[in-house]
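Naming follows writing order (A, B, C and D), and every chain is counted from residue 1.
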């Protein structure tokens, strides 16, 4: 998504959904995953008579409230969206001006879409052609429409293509940068957006700065440490620039290629120590491999308010540390909601028992590892202090350093005042009134300066930059294959100095583009470009002229660095349609993908999976739980709502296998793993698929592991982890596991005497 | 026992009518929340007395999902005694799903991990923080020197606040590896 | 003084999404044992397109409460504002109220010796019981008394989609009608079940 | 015998534990309870229960409690008791086993009936601890009745079979209790009145036991009811109504029984203590039985 127009985040806000005239939801279940956010969807239905279309393999609680529900085969969203685009182009429903002014390479999409006739789409997706036509017509003609997605779109081997085609669909209809439009990705955890922004990732530094030497140098100097020292901490400068393992496949590093497992490329060593802080690693695909990885570790450290179930999953007998971390209510800090807005989470109570806050643990470890001074130096720079106050100084440090996504305005003082005065903001637009006038709630980034209002709707050219308007980001050069990549005339944000497109601003072009002359003093202070300009002069000057520092460019429908330049449908690695696998094969195997060799086509064609594993496996969430569900299952009331692991199965399918309602059943995966769960008859799933929630852990392949918990820490509910049976398969770009489109085999589990 | 029960009966009967009257009296003061002026009288001071005298309200944010609902926590003497409704929060408007409504229960859950522990020879053993951190740091230091910094993997969390996530990234960088990730990929 | 407003609950089935926020909020606020669910959410026709609805159910605080009629020890009393409360000191746990209640509201803890039922527990609309308002005893027996603090019952206040409404019946009726009409659901003017719970014959 | 009851009770109690995980009236089944309430095609039991329980049960019992004693008082003062001399020869009628059996039932009734009445008039007694205690006593005493009722049924059943010759005549003269004359009355070892009482108490008692177990356990599921298409809540409602209505009849019968044994026939209750009945009493009130004994030569 970032590769389409610059930033990978929800473009609008939850309240803004109330402005939509149509809502299309792909692979998201906000009624269950974001119940409070869903009230805005329902209000859109009531206020605007907005039509809600839900495209999902399972009839979810969201689908129950939808005007149209489309039951799609898992992993075929691209085909469906191309089908929509086919009809849009055929009937001339696209927004031609918008495409012309602000989109690059839509013609390539048009050519591909021409192949996807409703009949073809119907064959691939299992959606009747009439329904596709009905949905497309409704969505294209309703006026401004918003497109929602979540994990149902990303957790596929073609997840990154999915998340590119969805924006393209919105671009074609001209729904971008509008109130009530946009592509709204619903994040899972409370601070996924924030932690991602903060670069808690193996392929970026905080603020999506890459791993290039330039970025490292910028951070080294901003952190107040010597670049050489920092480089010396790494194995070599080469490894400083290489992407690390991901959460999805770190275990491959610990297994280190043994027993025919995928080979790794990790500076000549396997993983020995795993340090986990608040991560339910029992909700990662391929649980059996996770267990193997854990068993192969030298040391496992788990910091969590509750016992991380990894501690009982592993058979490791020594050096498993479980440290009681404080909950987020026992410390303060900022959190970023799904709509890029920040809030101050105030400490409620002191850490209970012997728990310690995460930062305390990090600081103490840094002391013992000998880099405490370097570690905390960044907090003292701004005011040249001797000591620091957590977390205010850390917040200010972040605001000081991260320019790419415009966090300059997120000072601790401002964030606190927003949260303190949350009653002074409008629920739909987020506009403040009274003393908060001129600011949007939570200062959705980019918030360019300490006075900026925040940007509630990304890429909105109807507003001036000072009020949160902007064009698409100029991130991919000025031209490609001879075509101009900057926006055309007339598509600049309101009150802009320049009518049309302009490049991102740096030291060299600032005078030319902005038509100003800098003083010598300014010239001396200014950074190389807007991203690393510590003086913030570039941004200030841009604000004065009504320009976005990152330029004004076209969104690109074609990403020439990706394996698929335009999104292409490819069958899941474990596809229930053997005939379509030949037509839409997966990618070539990829070597050194986040340090691990990853199989695609060879896995897909290893055997005809559907013969032995005829049933589609879909995983998803329950309303009473969250992620691995550890903290929720430790609450007696939430645990009581779903006391055991279950599998939703259509009675007709169950009947074929002799599975009765509430009887136990086995689910086998192509990886040779299995889980024993309780069958729950449901009409939400169709006869070719089953649904299992992924929040449970504590049982492994039929064995109850709860006796391994330290006394008095076992949660109130435990069960098989769905991820024990999720299939092999990872996204080609991001390595997100393919948990939403797998296959399985089921059988009745005999009651043991 | 029977005789005691008989004894207990007498005052109960006497109190019945009294209680009934008390109930009617409080009833009229109760509907203030619903803004029916003219229908109800103002509640007297005694009726709206705070069940948690001296408590303070803390505005904070739910940790369940990315909607970012507001929570008002009532804290009395350092104890979170009640979760109040943030009716004026611009995103949640006081709403909570079951997870959010139960945040207080997560914090005071009885099954929380209460002290640092280590598994040694298959048995859980209690440790002090100092010993635990010393041992962990020791191992990490040795691995850094022998196998190299890339022998470590850091898994952060989307439940951390920004500052913690940022510092966790910094921690991995200063340890010398890019082997760091969190749940964005899940 | 004019006529008392009658306080009612009403759950908008077009909005309820079965998130269980109300039931957990209730259990949590009153610190109920796990097996007592004063409020619960039910889903009808689960998985059937255009037929699935969810509803939050608890004591509906009926005008002519059947529980009050059948109670052999007369432990129920209806406040002037319509809230149906009961006296746990009087209740003998006979469960007749459960048999009479159309909404399955009365709950019984199974904690007595030999599995006998304890005294009945039900939704109090966060209005406590006959004990002294906001006293320790009241809190122990009936949970919070939010009404006396001037606060809205916790379930409706924490309803994630504002499906669960509480307040004066006329006002609720207005809110509901406005929602229905703006969405174009048709000329349904009276919320379902209104006549059953509140005895208004249509 | 006791072992079997113990086994039965244990078996029944397992339903309780089985029910906790998957409730048959709460949880998912609550849905049908709510939706089917007073719905077309349903049994309308919720409605009937409410109406009958709230309007009829108390007045019915009140009627029984007032009218029957009044009638007896009238009988006592107008007709007067029958007096038979206990000093003369007596006939051994009730074996020790039967007497103990009867005593057990009697004790349980002494507890069950007053506590039952107190519960129905719970509001008069103000509810709370006292009525709760009565409810406990009611429940504790009932196993005693359960233990006694089956041997009673088995041992006396033969003598309790309806014999048209005597019994219809007995009914016609209302057992001769309306006259002061002491002339032989047609009856076997037990007269028609005793027979009616017996069958009412034993068979009705079994129904009372069954319903009481249902009401006690509340949350369980039995295949027999589900196969009949009855929801658990309706089973409970029917049980409660049946229990109360039959209970009221048994109260009435019990009062007659007491009056007969204590007042109407002076000192008749003593026969259940020592097991003997004065020969004169047998001759007059159980003339057929007396003849039978004479034929056997036992008198």
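By definition in this document, a residue touches a chain if its C-beta (ideal position, glycine included) is under 8 Å from a C-beta of that chain, and two chains touch if they have at least 3 such contacts.
Keep in mind it's a predicted model, so treat the numbers as computed, not measured.
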Per-chain C-alpha mean nearest global C-alpha mean belongs to chain B
Using mean Cα positions as chain centres, tell me which chain lies farthest from chain B.
D
Can you give the whole-Å distance between the Cα centres of chain A and chain C?
40
Length of the line joining the C-alpha centres of chain B and chain D, rounded to whole Å
57
Between chain B and chain C, the Cα-mean centres are separated in Å by 26
Quick check on chain B: which residues sit in contact with 2+ other chains?
12, 16, 92-93, 95-98, 100, 102, 105
Identify all positions of chain D at which a residue touches two or more other chains, and write them in rising order.
125-126, 128-129
Touching two or more other chains - residue numbers and ranges from chain A:
35-36, 39, 623-624, 636-638, 641
How about chain C: which of its residues touch chain D in the complex?
35, 37, 40, 42, 44, 57, 66, 69-75, 87, 89-96, 98-104, 107-108, 110, 114-117, 196
Enumerate the contact residues on chain C facing chain B in the complex.
1-5, 7, 19-25, 28-29, 77, 79-81, 83, 85, 87, 89-90, 127, 130, 132-134, 139, 144-145, 147-152, 154, 157-162, 166-168, 171
Please output the residues of chain C touching chain A within their complex, sorted ascending.
14-15, 17-21, 24, 27-28, 34-35, 46-49, 52-54, 160-162, 179, 182-184
State the interface residues of chain B toward chain C in the complex, per the touch definition above.
12, 16, 19-20, 22-24, 26-34, 36, 38-41, 43, 46-51, 82-83, 85, 87, 92-98, 100-102, 104-105
Chain C partner contacts - residues on chain A that touch it in the complex:
31-32, 35-36, 38-39, 42, 45-47, 49, 59, 61-65, 69, 623-624, 636-638, 640-641, 682-685
